[in-house]
Amino acid sequence: MRSARLSERPTPDDHETDSMPISDWFKAREQRNYTTPTEAATTSDLPDGVWVRCEGCKRTLYMGDLERELMVCPTCGRHHDLSAPERLAMLLDEGSFEEVDAHLRSVDPLQFTSGKVYSEQVAAAVQRTGLGEAIVTGRATIGGHRAIVGVMDFRFIGASMGSVVGEKVTRAFELALAERTPLVLVTASGGARMQEGMLSLMQMAKTAAAATRLAAAGVPYIVVLTNPTMGGVTASFATLGDVLIAEPGALIGFAGPRLVEQTIRKSLPKGFQSSEFLLEHGMIDMVVDRRELKDRVALLLSYLTAGDE
Amino acid sequence: MEFERPLDELEDKLASLKHLDVSEQPDLAAEIAGLEAEIARLHETLYAELTPWERVQIARHPERPKTDDYLQALFTDVVEVHGDRLFGDDESVFAGFATLQGRKVAVLGHRKGKNTTENVRRNFGSPHPEGFRKAERLMHLADRFGMPIVSFLDTAGAYPGLDDEDRGQALAIADCLAALSSVRVPVVVVGIGEGGSGGALAIGFGDRLIMLENAYYSVISPEMCATILHKDARRASETSACLQLTADDLVRLGLADAVVAEPRGGAHRDPEMVFDGVRTALSAALESLSAVDRATLPDTRYERLRRIGEVAGG
Amino acid sequence: MRSARLSERPTPDDHETDSMPISDWFKAREQRNYTTPTEAATTSDLPDGVWVRCEGCKRTLYMGDLERELMVCPTCGRHHDLSAPERLAMLLDEGSFEEVDAHLRSVDPLQFTSGKVYSEQVAAAVQRTGLGEAIVTGRATIGGHRAIVGVMDFRFIGASMGSVVGEKVTRAFELALAERTPLVLVTASGGARMQEGMLSLMQMAKTAAAATRLAAAGVPYIVVLTNPTMGGVTASFATLGDVLIAEPGALIGFAGPRLVEQTIRKSLPKGFQSSEFLLEHGMIDMVVDRRELKDRVALLLSYLTAGDE
Amino acid sequence: MEFERPLDELEDKLASLKHLDVSEQPDLAAEIAGLEAEIARLHETLYAELTPWERVQIARHPERPKTDDYLQALFTDVVEVHGDRLFGDDESVFAGFATLQGRKVAVLGHRKGKNTTENVRRNFGSPHPEGFRKAERLMHLADRFGMPIVSFLDTAGAYPGLDDEDRGQALAIADCLAALSSVRVPVVVVGIGEGGSGGALAIGFGDRLIMLENAYYSVISPEMCATILHKDARRASETSACLQLTADDLVRLGLADAVVAEPRGGAHRDPEMVFDGVRTALSAALESLSAVDRATLPDTRYERLRRIGEVAGG
């Protein structure tokens, strides 16, 4: 399982998260063993080791090869999910990342106890991922262009948006506005975090409002939609970008596919809610292979800031 | 409603007793009197402290006053505008202009039907992207011409259909949020029934939030929450308590500004009382906002949103 | 034929047009005889007199009844075409109209001679309609609300938009802007006037630009789309209103129905490009019976100017 | 092209003669020489003064350089953006960013295909409403981020389909006109082929209009004009002369600012020459506009539009 693999990582405390160079994440990982790069894992038939099976083409790959391709299967092109640190490492100029708001932590405002105890769930996610919450934000450069960046991590309670995610996203907008620096957000989310009830829902309005203020000020905002970006995140800040990029094969939508299937009472067409489907339906600007993503974002930044020269 | 079933049974029994001939059954009068007393007692306890799940059921009651009823009861000179100017006109969303006690406002509202035909046309109050885009258009009109916005919430949620995804349900909602956050006119929201997630929020935040006593507003439907957490929609009673979705919860969370009292058993038992309450609360809200410099409203609204959420370590 | 009927009117010279109270148009007409109120006329089987046949329900009606209903058939509700003076009379407060730009006349910039000689065609239209061009503009009140108004007249070369129509529409926008008074335009048009070539086409951009400046200034602009409004007029200023009203059963669209039929190579669905069709497809705000039109426009003006109070 | 047929016949004859063996036919060399002289003469007269209708045919030539060719020849770092964020992505309209000799611009263009497959996908360059709405979106992006707009015109017109009417073809064009009139960045339009009516105009006016020598721009297609006036599309030659749709006509009417020369017979005979001409004209236009205060551009553009039209009695 992906989570099993990732839980083998050292779990730095907050200060270590702040100070550990992102590039070290990749280096550090090579010293350990992995199984399969997919969320829905079938590890039992695989040796516990450096060989992994691609869920796209079912082939067995050497993890080193996969990593060199930024976790894109060299055979079938499947884009496997990345953690936030992995994403930051592949998107940003090495050593340029300076995290902000690292200390924000979720509380349990509703004392939500149906199902798992929410506060314990958060603690477990922190423990497992080594992250403070489902998004990491900060300053960086991308191909030499200054940017405020935010990267979500689906491993952290499905990167659902509660108070902290909403707050960190909002602060990223505000930082971009204050410094008149373009914002680049890489999204992945199951939607609003129901364990924070209406406080979660209102983060949609809060982040959308922050995005609107940035837009009004004429500061560029680029979104990279990755697998999966659903529900309240898609329906708020994630689709308010000036340019919307999606990674190939990502699931992107409002309602979950199972709910849609139940609603229409027939099976869904192939590719429904995929990046390619959204492109065809005019909802996003482009689908970009992860291996070209950094260059593309850098190029877009050069265009969107051209008027400032 | 389900929780009223014991009461319904007693009332049925009472009705059948009353059909009988008293002269033939001497004990009948006493039996009727006893039953009536029992009904009164049950009435007292049943509605004394409603659970969140019971309130959700009241909020969904088919006879509960709807947006159209408020339009008729509270407003004059109602003019509806139609269409998104892009694809279609979604009847599940009302958009238009209306006059409230001499005050000209732009009105939005989710629109459930009174019967099946109407409900089918209105998609049971669950908007398509066109509905949100129509609402967005009205927001811009209201903004341009300085009309306060009054919005009535009553939806189970945005419609989770195939075509809705095709036509950008998420983007339509996001665009509404962006527009509503930036209009330079007062925005007063009234939760009159269901407040289902993003489909409610798209027209459901502003400078004031008034909630009817039994209206709810939730990040997710209690049933879906129960399905996700327990794979059992029947545990909705439990999740509806956890989600803190009632009017009182919203006040406590700092999200709602006022609660309008409902008659015992719900608004449908005495709509006029609720209309009066909403009229008063709405007028007060609009009045207090009319004193504010309109140019400052987006910033004030942003500050209001900005405070929402509980975090540690910030 | 409608044109035959209307040509029986006195043809006032420009000064008379300017000074003749609009209400007199209706009065004056009662002294004359009419045939059928439709453009596609079938007069032969009707007595030449005060009886007309409704093309909607094929019934024969007394012209007086029809006029009392503002040329709406009391039986089938068909909205028969109105001339600009008739439209002004029914829409404006009596005696409130003050025409502007009445002296603008079309020239023949391309010396267009294919088919009819354009300059002769214009002269004939002036002669026949008593109008200077296909639109009449001015100041007025509607239900007590001040407005700049413009009304197109389909009898004038199909109310196509050449330099003069474009200029008068543009000036109406500019007048509304200068006086910060709402603009109400009643459209009817076959589209751009091809006899003025590219000068006509560019009127679309010119009027749209003027509309955009009015919108940016926050001055209301209401459009009443009447039968027919097509082509370059629909694709420019006519659909840029804050509120779009259509009369029932009007033909409104971009491409002509015959061209669409040729393109798709099957017959068109019933009601295609009708007001009701446009309403269903979200393109207009409302379909309003002509007999309620004045009240509705007045009410809308009261709303759209509420913020000025 | 039809008007080239006499030339084509001579050239065919010449080619067939050249296949013969000179040694067997002693007169052949002289005959070939004569034919070549005749071809040269005809070449001279045929293209010396092209009629408007002949230019329309050249403008429609399938091998004529298209928007994609200009993108490739003139620009570097081309990034295409897609979609209207409402309904679909129309491949008949290009929208994106590109760099012209170091200058970063937003690019629009009608997009014909190079072959049938491509043409079907691109609807032969006739946009649907989605195409115009994508273009409008790019206009707003260019406006917000201060990128000049370069627009290449090459369309027979907006597509007159049933679904296009359903989805508001007219409104989509009108919205483009509104957006293009108000962007606070330079707009340079290049007529490279067909300029068909509203579908061209939607992305086809601005601060400068550059026309290729044989490009046309017209309120209506010559054929449709002939059909309306004479019920005979074959009289398009006559109407194309009346409509004054050539590059020179547009200069005379005060609508076009510059004409880029084409090689004899049309741009497809020597694309590089035309690319050079367009590059030079485009750079000059952008350079002259770069000196202007951007905030004044909408007013200047409005004044430019404002002067268009001839009226008497004003």
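Lettered A, B, C and D in written order, each chain numbered from 1.
The definition used in the following text is that contacts are C-beta pairs under 8 Å (C-beta built on N, C-alpha and C of every residue); 3 or more make two chains touch, one makes a residue touch a chain.
These figures come from a predicted structure and were not determined experimentally.
Just to note, of A-D and A-B, the chains joined by more C-beta pairs in contact are A-B. Rounded to a whole number, the gap between the C-alpha centres of subunit B and subunit C is 44 angstrom. The centroid of the Cα atoms in subunit C and the matching centroid in subunit D are 34 Å apart. Residue positions 85-87, 167-168, 171 of subunit B each touch two or more of the other chains. Counting partner chains per residue, subunit C shows two or more touched chains at residues 215, 239, 281-283. Going by the touch rule set out above, the chain pairs that meet are A-B, A-D, B-C, B-D, C-D.
Subunit D makes touch with subunit C in their complex at residues 158-162, 164-171, 173-175, 177-178, 180-182, 197-198, 201-202, 205, 217-220, 224-226, 228-230, 235, 238-239, 242-245, 249-250, 253, 255, 301-302, 305-306, 308-314.
By the touch criterion given at the top, residues 85-87, 133, 167-168, 171 of subunit B touch subunit D in their complex. Within the complex formed with subunit A, the residues of subunit D that make contact are 77, 79-90, 97, 104, 130, 134, 141, 144-147, 185. The touching residues of subunit A, counted against subunit B in their complex, run 101, 103-107, 109-110, 112-115, 132, 162-164, 166-167, 170, 192-194, 196-206, 208-213, 215-216, 231-232, 234-240, 253-256, 259-260, 263-264, 268-269, 272-273, 281-283.
Subunit A contributes residues 215, 218, 220, 239, 242-244, 279-286, 296, 299-300, 302-308 to its touches with subunit D in the complex.
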